[in-house]
Amino acid sequence: MSGNTIGKLFTLTSFGESHGVAIGGIVDGCPPGLPLCEADLQADLDRRRPGQSRHTTQRREPDQVKILSGVFEGHTTGCPIALSIENEDQRSKDYGNIKDLFRPAHADYTYQQKYGFRDYRGGGRASARETAIRVAAGGIAKKYLHQHYGVMIRGYLSQLGPIKTVNENFDWNVVNQNPFFCPDINLIPTLEEYMDNLRKEGNSIGAKITVIASGMLPGWGEPIFDRLDADIAHALMGINAVKGVEIGDGFACVEQKGTVHRDEMTPAGFLSNHAGGILGGISSGQDVIAHLALKPTSSLRLPGRTIDVHGNSAEVVTTGRHDPCVGIRATPIAEAMLALVLMDHALRHRGQNAGVRCDTPIIPASPVSLDD
Amino acid sequence: MSGNTIGKLFTLTSFGESHGVAIGGIVDGCPPGLPLCEADLQADLDRRRPGQSRHTTQRREPDQVKILSGVFEGHTTGCPIALSIENEDQRSKDYGNIKDLFRPAHADYTYQQKYGFRDYRGGGRASARETAIRVAAGGIAKKYLHQHYGVMIRGYLSQLGPIKTVNENFDWNVVNQNPFFCPDINLIPTLEEYMDNLRKEGNSIGAKITVIASGMLPGWGEPIFDRLDADIAHALMGINAVKGVEIGDGFACVEQKGTVHRDEMTPAGFLSNHAGGILGGISSGQDVIAHLALKPTSSLRLPGRTIDVHGNSAEVVTTGRHDPCVGIRATPIAEAMLALVLMDHALRHRGQNAGVRCDTPIIPASPVSLDD
Amino acid sequence: MSGNTIGKLFTLTSFGESHGVAIGGIVDGCPPGLPLCEADLQADLDRRRPGQSRHTTQRREPDQVKILSGVFEGHTTGCPIALSIENEDQRSKDYGNIKDLFRPAHADYTYQQKYGFRDYRGGGRASARETAIRVAAGGIAKKYLHQHYGVMIRGYLSQLGPIKTVNENFDWNVVNQNPFFCPDINLIPTLEEYMDNLRKEGNSIGAKITVIASGMLPGWGEPIFDRLDADIAHALMGINAVKGVEIGDGFACVEQKGTVHRDEMTPAGFLSNHAGGILGGISSGQDVIAHLALKPTSSLRLPGRTIDVHGNSAEVVTTGRHDPCVGIRATPIAEAMLALVLMDHALRHRGQNAGVRCDTPIIPASPVSLDD
Amino acid sequence: MSGNTIGKLFTLTSFGESHGVAIGGIVDGCPPGLPLCEADLQADLDRRRPGQSRHTTQRREPDQVKILSGVFEGHTTGCPIALSIENEDQRSKDYGNIKDLFRPAHADYTYQQKYGFRDYRGGGRASARETAIRVAAGGIAKKYLHQHYGVMIRGYLSQLGPIKTVNENFDWNVVNQNPFFCPDINLIPTLEEYMDNLRKEGNSIGAKITVIASGMLPGWGEPIFDRLDADIAHALMGINAVKGVEIGDGFACVEQKGTVHRDEMTPAGFLSNHAGGILGGISSGQDVIAHLALKPTSSLRLPGRTIDVHGNSAEVVTTGRHDPCVGIRATPIAEAMLALVLMDHALRHRGQNAGVRCDTPIIPASPVSLDD
């Protein structure tokens, strides 16, 4: 495949450019019988939708998803589910002035080198707009995982620039009540002030997101290469602007001793969850915990040195509509990608291990440690 | 596929258990005409081989690789190259006492839950012994990448527990002259002392590895999902004990502003390499830089709480031969995984973009920044 | 994958049901730079379109294809090309009376057993209507193959029921000038009369189609399993109603001796083409020739014994609009499937064997033997 | 992938050349818990083994398969099962005289054009010797299908040259008691005489094989492209020398009317099986029936016109050891390929449709019609 499909048994194939007719995708492999309608997918799309606060891009897209196939009488049929979202608020002329320039840190230059030319309007295929369809597709996976397995997938902003958001005020109920997906209600004013200053400055900033799957079952994941953690890393690193992925304690492991890191087990359950719910590439039944680092947006109002398509020296300034922190809207995207991976592995496990009997009882997960 | 194959056009399918007859694999998709013999692969295998210092497992394996097919008159034929390494120094009885126990933080419990039973001898399929075949296969990719594209892949230990190894003494020539793959010759005594104490304590420790591909070409990598960075994350997270992967600046991006992170461009080249050589999932021609975090080994002499296969409370102590720091031997493994991914994308790019003409000149990479 | 994607480097993922909102698909892996517009694809769609003569279904669909992505300024960008065709002339109520019945020889029963329920309107996903998108996608492959390699793909009706159409009057120019794709202009009245009688009778009939790729290059195809002939067989057997596929002489080989079958070679070229252009799974440079057998349509006005969804005995009569001979419109579909396979292998070959030097000259193909 | 792997969830990756060290393969995706030992696979290998009668090649290979991994304490573990068969009776010098020549109708020329050079010894990778590993792998699938689903896979020679073998004397018990896999004991002398004459003549002949899976379940197969029949066509056309594949009535459908072809259904079962057990790409629960046509061997003692590797005119005569009718030993190979496909689809169905409830009862298969 050519890179626009993810998954083995439950797959998403994505299409579309930022300023084209539509973005969309095909979800293949969804089992039949799942109750499904467009409203099921719209909820997460609305969480990701731009233009909802002054802290994200001012492009206004209703992001109304249409289901074109695969659903009959309100249930999935087992046939491919095509999803489409029309582009409405393109302003392609905003991009005329950077048509021949490469924004530093953007995909402009690499697309040009790979393909020889590129759709420069709004970033074309490299635009984060494409992630809307991942959110829609992830919504199908989320619903199935919850209905059939009781698995719940949630995420939050764990850091924005210098501001860490996970502390004793952590509250899941707060996460979806602010435009940052911040779990501490007291930090909202701090975040707003930071973003207001950043916007005035014309600069951008990185962020860290955490996603968690709770209610997990043990046994999902395929050693050696298609490990659950490897596939999660693939899916999360495949989100625009992501430069790092951690499972469980992640890079903190480097300085941990074995006696600190190991999650001891008792008949009453695991005593900790440093592993982030995955051992040997297979889920342990503990919460799956992953963190991702997003780089600062490359489209800046502050001028930068670059070259043009002929190789000449140039200066670039971006005036189009952009997110000064792509991390702000990344939480539903990261949830969706985690959902796609878990759904795929749930089906793969079922295909290859259905009927396998394990006499060892499943022990409970440790209490969720929010800061892993 | 069932998880034991990696790659799309250049693939490795791996087999074997720690205490079985042999480990091995099939490399498929290697172009014909590459001069290849077993000695080409043995060099990296010897770098990874156990029992070479007191700081790694004392299991003694010659790790002699045999090429069973796909090479004729000293050249690859384009047909699958089967590789086999016999297991010689098994001591399966060492594992009798943990046959019914699950080592905390090990794959013991998850394999049992997934498959219903497991080959407990030496960790079975979950043993890091399996990575020898990745090193052998990676050797083929390394050779092709170097011969055909001038791409060179190297790695080093960047941190072991609290000891960071990258500083002004960095020397590539030192890396392969010490059992730690440490780039600073002055730190060897410190590392040795640390490891000696750790071994006496019966504990283990994490580590961080850095791998770099230099001499890169722009244009490798397939957006949207099979991005070069996503596939590297998949490959590196698929190494035993890895819990985190970074490309370029990785998690440091979280606190970076756009003006700091962006790698400005001039006709004379890039001015920095925060991106780690990948933009929009496609190589920029700069050095590809990745870091990985390895957790401390789970096999410890210090007792830990666990359960047995019947779900009863138990205490476990591991007395078999193990690496107290799996990170020590991980450098050639990480290099091999990076090579496998780059090789696959080189061929995919060639398949889909051969003949594409880009009028924009390729600008040079920035000088290698060793600590990214 | 879940069965709705074909190809490895050049892929088509298909969606849609006969009476849903739309049918469509995503073509991934098309190299950048190919001039492409909707009119390029419409030509073959119009050849396949229903309602063009009294001998095919009377459903009237304009079958206007829209390109939703992947084309910019008139050229492919290397990004996925989404295609969509709206359904317009559904008459779902025609199907109310067979909603609970299984037409013998139709997919009704097997879909019900596989998925538990089914979209019964117009055959749902199993309808031959889905093949329109294959024709559109195949049009992209056809254009690329012709422009880049000079490969031309054509087909014709070689038999309809008892009427064989290949004889000394064979004329490629005639093929596209009659609704049967018959190569002998003198046979058109015979075919019309046969079909008129069949329609009055309320019965259906089988047919045989031949597809040929000329201007081939040697070296395409991947032994052992993804042979060019195996992939062609997969693609052609995957067309609705196909029950048999032959390459070259096909089943006639059973009675041939080696001296008869072998295509001798001289510096001036091959002396015959019994092999159908493929040896050892790899193209020889001769014309690729394949035949396919299509069964008679299962939707008949003549009553048949069946069961209903509760397992009770029933009688079924189909009154909806159907092709009495699905073979009549199958020629462009078969051409499209052959084009998809050749395109995929062209790119795979380029990926894995680009730069391979063969000192043996390529010898010419034998003169096309139309009935091979 | 590069063509040496078949299957999606249950895969075989094959390696090896006719005169190399060994042939072998890796079976990935076999569920854990299946009792398995080498003797299970040896039975079919012995059926395929050369040198058992004067009618097949005189190369003498014990074809002893070794299981290198994936089995522990007599049961599959869910990990990849590596299989190896050493080559023992190579006589590479026999091939010295055709080293620079291309046998007409052989893969010699196409391998040379694809790869630039080739392992000419015994046909190298293109040798039918490679099929031994398919038979071994198919043995695992056969055993699983029989144990878990009650599916039984059998085959027989249905035609050799002009001699058709299916008639009123058909007897499954006879099939495995003669070197031809002929179902009619009375025809054995006829076949022997035919083959003796052919051998004296130095010529070769084609054949037709039939394979049948009985005890099938409905619901296996993935429309649209990965149909069960399409995948069977792919697998059978992928056997060396195969030029045609039919499902059920195959090419006879061309002349059938709908009322003849359709398999009517009653609560007591299907009334016929023209479809060969597959409708809409999905199994119906009837016997799966497939036929394949094998061309005559290309290695002949009778001289033929050809070219050499420099493109010069030449005459070729083959004196090595060859099967004058590759169809004779093809029955176990075809059974194995059918088993691999069914096994893969059984697991895929289980992954995506486990838990799907169908209220329609499964009706019985029609009595087996031996000549379809």
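Order of writing sets the labels: A, B, C and D. Residues in every chain begin at 1.
Rule of thumb we're sticking to: contacts are C-beta pairs under 8 Å (C-beta built on N, C-alpha and C of every residue); 3 or more make two chains touch, one makes a residue touch a chain.
Values in this document were obtained by computation on a predicted structure and should not be read as measured data.
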From chain B, the most remote chain by mean C-alpha position: C
Selected from A-C, B-C or A-B, interface repeating B-D by over half of its contact pairs: A-C
Rounded Å distance between chain A and chain D, as computed from the means of their C-alpha atoms: 45
Averaged-CA centre spacing for the pair chain D and chain C, given as whole angstrom: 26
Rounded Å distance between chain A and chain C, as computed from the means of their C-alpha atoms: 39
Of all residues in chain C, the ones touching two or more other chains: 1-5, 8-9, 14, 29, 32-33, 78-79, 114-117, 125, 223, 348-349, 352-353, 356-357
Touch-based graph of the chains, sorted into line, ring, star, complete or other: complete
Residues on chain B engaged by chain D in the complex (per definition of touch): 1-5, 8-11, 13-17, 20-26, 28-29, 32-33, 66, 68-70, 72-73, 75, 77-82, 84, 114-119, 124-125
Residue ranges of chain B touching chain C (in the complex, touch as defined): 8-9, 29, 31-33, 78-79, 148, 223, 347-357
Contact footprint of chain B on chain A as seen in their complex: 1-6, 8, 14, 102-107, 109-117, 125-126, 130, 159, 161-162, 198, 203-208, 218-227, 229-238, 240, 242-267, 271, 274-276, 278-285, 293-298, 300, 302, 304-307, 309-313, 348-349, 352-353, 356-363
